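These notes open a run of structures that come right after.
Presented sequentially are two complexes of subunit A, the first with subunit B as partner and the second with subunit C.
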Partner chain A sequence: MLKQILVYALILALSLIGYFVITEPIILGPTASMVIIILIALVLLYILVRTIMGSFVGRRTVFTFVAIAVILPFFMTVDQPIKVSPEVQQLYDAVMALRPGSKVLVSFDYDPPSAPELQPMAESFFALCIERDLKIIIMGLWPQGPQQADLAMQTILREEAFAGKSWKYGTDYVNLGFQSGNEFVIQRMGGEIGSMFHNDFYGTPYDSLPLVRNIKNFSNIDFSFNLSAGYPGSVEWVQVAVDRYGLKMGAGNTAVQAPQMYPYLRAGQLTGLLGGLNGAAEFEKVTGRKAKGTRFMVSQSFSHVVVIAFIIIGNAAFFLGEKRRKKPEGETS
Partner chain B sequence: MRREIPLLITGIVGVVFVIQYFIPHYPFNQLNNWFSDWFSIIAACAIWLGALNLLKVSANKIYRKREDWGFSIVIIVCFLIITIIGFAEGEGFRNIGTKFDWLYQYVYTPLSSTMFALLAFFVASASYRAFRARNFDATLLLVAAFLVMIGRVPVGDAIAMKLHLPLSIYPSEISSWIMNVFNTAGQRAIMIGIALGIVSTSLRVILGIERAHLGGD
Partner chain C sequence: MEQQIGLWVGAFLTMGIISFLYKDNPWYKLTEAIFVGISAGYWFVALFWDNIVGKFWIGVFDRGDYYLLVGAVLGLLMLMRLAPKIGWISRWPLSFVVGAISGFYLLNYFSSNVMLQVQSTIMPLFSPQFNDPLFTSSAGNIISNLFIAGGTFTGLVYFFFSKEHKGAFGGAAKIGIWVIMITFGASFGYTVMSRMSLLIGRMYFIFGEWLNLIG
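Moving on, here comes the complex of A and B:
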């Protein structure tokens, strides 16, 4: 217990020292970054050789490498070639095909744990909508969803690129807030959106909001984008809003949920899909606004490589163990 | 009566929901709206029920001094702090700049993200210890995972570019092919299986054969 408290105290002390001593952000140049990458690769190679020689690493070593792979890239200058996949391009094309003034419904069906993956998507999507002069209607089937939407909108509106835009709440975008009831909310919205949202997120009555006053149901929505991390989410939106009411919809999902959406994408029920942080980075690439998604992708790349390296090391250990177990049998026979 | 009435409600609601899908006209559309509204109200009440249950379970754990009861104190204290601040700030408690918003942005969000981020460490550790090419099926899964993992990050294509590989065998292309063909086929099979299961279970519930939702047997 005392040891644990000491470790936490040390981490806290180091963080405080870092906060007060380091005033400028540390960014390593391309050469220094490359040297660090080579050093990490050499250490991994050394672990592989040690494993082959019979000395296996513990899980603490794995944890240390994952931490290094996630944290170090934030301080490094690494340029990665991001290729835009067809599903991301499809979403971008669908948004670009909308006329200025079109109404876009964005449902935020996630909470803070999934924000690192989905928040960059939300911000890029908002940026594109504002750039294209599309009107945004926000809602959420998860309690924290509308709050995440608010954060994303504030981030975008603070950006220099949109400083000249007089983007007003109520006429250009509204946040209808959270409504409980999962897919039943979507079903009721198909008949009358106002029946599920009597007031917006800030308590303003639905009919007092100029943007949504004349919006009765999904037939008045030109496009929909769903950001989802589970249930209720994209699957329910496709099954009810798309399938039953013919709403045109794109989706942004966590990497865990994205594979589940491919059948809907292939069937044409989804118009574009952003899958995980990679999808966010690709969307940033296609919209030409490099932000969090692209930056975080370096960490993701590093961590994937580290996990792959440890899978190889683990398999080396497994086969060597098998070989050693079989050897005595061979000797006796 | 304690069993018959819930069974009757379940049967009527189930039948109405099935009929309104095919006949979305009066009176079924009206009934559908009513039932959907009731569901929303019940779901909203369930959130309260969940919160109160969490408090009850945590308080019980502290009272009985069960293992890790200290964490239950943290739960109750945090619950009370966020609730009191939310109520104290009135209707605009979620507005940017409020104390509630500060707690949400700088305490709740980083803590939740940290909890979720721990998954990366467990995934890496589990992959290292359990992802083994023990037999043909496991090897197939391992190779697919390997290709998808390297194909879903730009570093895969960067390596392929350096090696001057043909575009058709770039990791991103292979990963995309696996996702669009094998993954889609597998997901469809799972979805059809689940859908058939839901239909049969729903029919059993509507007809009163399946009574597990009433409690007891």
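Moving on, here comes the complex of A and C:
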């Protein structure tokens, strides 16, 4: 118990030091960054050698390395080259092909836990739409989706690049809010969008919003983009809105969901796909607006290298363990 | 000030959850209990206002959509299972839900996940579309088409259990299991990426938004 209290006190002390004492951001130069990377690589190599020699590391060592790999790149001045994949390019091209004034339906089917992956996509997509003067209609099949949309929109409208744009709620973009009912909402929207959204997110009646007043169903929507973290999400949108009503749609998914979406992309049911943080970073690259997606990718890559290293170490430990078990009793050293 | 309090609470809860990586402890338990309680409360309130008030009450009494009463009655019948003696009544609305959803899904899945997927698998191997001349597709596309056709076929062979997996058939099944394993590997890789992204998001919150240490 005393040990636990001491650990809590230490964490609190470190937090207070971080909050009150270190007032300037920490930035590690390129040389310091390289030295740290080399040191981490050497320690991982040392762990591999120790494992081969029969001394295994505990799970807390793995956690520590993953934490280091995630946190350190925030302070480093390391750039990562990002290559734009065809599916991201396809989404970008589809948006660029829309004429100014086209109506884009964006469904936010995720909540804050998936925001690190999907929020950068949402922000980049909004930025591109505003730049292209496309009208945005926001909605959500997840209760917190429209709030995430609001956050993304506010972030973009605060940016210097869009300071001169007189982007008005009601005429340039609307947030229709959340609607429960999962894929049945999409089904009903195919008949009449207004029957599912009597009021917008702020309580304004659907018919009082100039942007959507004349929008009856999906046939009045030029393009759709779905940000999804699970059910209901992109799969349901493809099945109902795309395949049944012929809506043209691109998707941005969490990395967990992305492999499930690739068959739809190949079959032409999806027009472009952003998969996970990688997709977000690629979309930022193609739109020329570097933000959190690009920044987080360095941490992502570092952590992947660490995970791969520990997969190798783990396999070494497993096979060596197997070998030792197979040896007769007398032969073990 | 409110924002600062929010940041401190967020940081306290985030670190509480992460503390489980060391070992189970009271801080983690407190954080977990707060999360479960708030989630349950949030969903209850959100669904109450959206469904019972937003859809049913306003629908029936403000807009006069009386057909919603059918749904309300079915919903009430569902609650009958709380009374053991008349619990069997709850099977009626349940059968309605199962029937309606089966019908809806049957059409959707058959069209989107069967017909269109089969169509996209049976692509011409050496040309972009069926009417295009042979060998006009790029080398990458040809390899990709071959891999998809071969992978789908051998994957199906692996799941064919009416014949013993021996000889050429067994070889195809072995390739099939490799294809399936590669698929699982890709899926696992994406899952790692997703989980790391969540951790990155939380760490950015701690070091960037809360402690302001990131430049």
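We take it that the second predicted complex is superposed on the first by the 321 of 333 C-alpha atoms of A that agree within 3 Å, B and C clash if a C-alpha of one lies under 4 Å from a C-alpha of the other, contacts with A are read in each partner's own complex, and residues count from 1 in each chain.
Here, contacts are C-beta pairs under 8 Å (C-beta built on N, C-alpha and C of every residue); 3 or more make two chains touch, one makes a residue touch a chain.
Predicted model only: the values in this text are computed from it and were never measured.
A.B. asks: Evaluate whether subunit B and subunit C can sit on subunit A together after superposition, giving fit or clash.
C.D. replies: Overlaying the two structures gives a clash between subunit B and subunit C.
A.B. asks: Pick one for A:V66: touches subunit B only (first), subunit C only (second), both, or neither.
C.D. replies: Touch partners of A:V66: subunit B and subunit C.
A.B. asks: Could you tell me if A:G18 is touching subunit B, subunit C, both of them or neither one (first, second, both, neither)?
C.D. replies: In the superposition, A:G18 contacts subunit C only.
A.B. asks: Taking the superposition as given, does A:A97 touch the first partner, subunit B, the second, subunit C, both, or neither?
C.D. replies: Neither partner.
A.B. asks: Once the shared chain is lined up, is A:P81 touching subunit B (first), subunit C (second), both, or neither of them?
C.D. replies: Only subunit B; A:P81 stays clear of subunit C.
A.B. asks: For A:V240, decide between first (touching subunit B), second (touching subunit C), both and neither.
C.D. replies: second
A.B. asks: Contacts for A:I52 in the overlay, against subunit B (first) and subunit C (second): which applies, first, second, both or neither?
C.D. replies: neither
A.B. asks: A:Q269 in the overlay: touching subunit B, subunit C, both, or neither? Say first, second, both or neither.
C.D. replies: The answer is second: A:Q269 touches subunit C but not subunit B.
A.B. asks: Mind working out whether A:P143 is in touch with subunit B, subunit C, both or neither, as first, second, both or neither?
C.D. replies: both
A.B. asks: Between subunit B and subunit C, whom does A:S180 touch in the aligned arrangement: first, second, both, or neither?
C.D. replies: both
A.B. asks: Considering only the contact definition stated at the top, list the common interface residues of subunit A for subunit B and subunit C.
C.D. replies: Residues 63, 66-67, 70, 113-116, 143, 179-180, 184, 187, 244, 255, 259, 263, 266, 275-276, 278, 300, 303-304, 307, which sit in both footprints.
A.B. asks: Where on subunit A is subunit C touching in the complex?
C.D. replies: 4, 7-8, 11, 15, 18-19, 22-23, 25-27, 60, 63, 66-67, 70-71, 74-75, 113-117, 143, 178-180, 183-184, 187, 198, 238-240, 242-244, 254-256, 258-259, 263-264, 266-269, 275-278, 292, 296, 299-300, 303-304, 307
A.B. asks: Report the residues of subunit A in contact with subunit B in the complex, numbered from low to high.
C.D. replies: Touch residues, subunit A against subunit B: 59, 62-63, 65-67, 70, 80-83, 85-86, 111-116, 143-144, 146-147, 150-151, 154, 179-182, 184-185, 187-188, 191, 195-196, 201-203, 244, 255, 259-260, 262-263, 266, 275-276, 278, 281, 297, 300-308, 310-311, 313-315, 318.
A.B. asks: Touching subunit A in the complex: which residues of subunit C?
C.D. replies: Touching subunit A from subunit C are residues 11, 15, 21-22, 25-27, 42-43, 46-47, 50-51, 55, 58, 63, 104, 108-109, 111-113, 116-117, 119-120, 148, 183, 186-187, 190-194, 196-204, 207-208, 210-215.
A.B. asks: Give every residue of subunit B touching subunit A within the complex, in rising order.
C.D. replies: So the residues of subunit B touching subunit A come out as 21, 29, 32-33, 36-37, 39-40, 43-44, 46-47, 91-92, 94-96, 101, 104-105, 108-109, 112-113, 115-117, 120-121, 123-125, 127-129, 131-134, 142, 146, 149-150, 152-155, 157-158, 161, 170, 172, 176, 179-180, 183-184, 187-188, 191.
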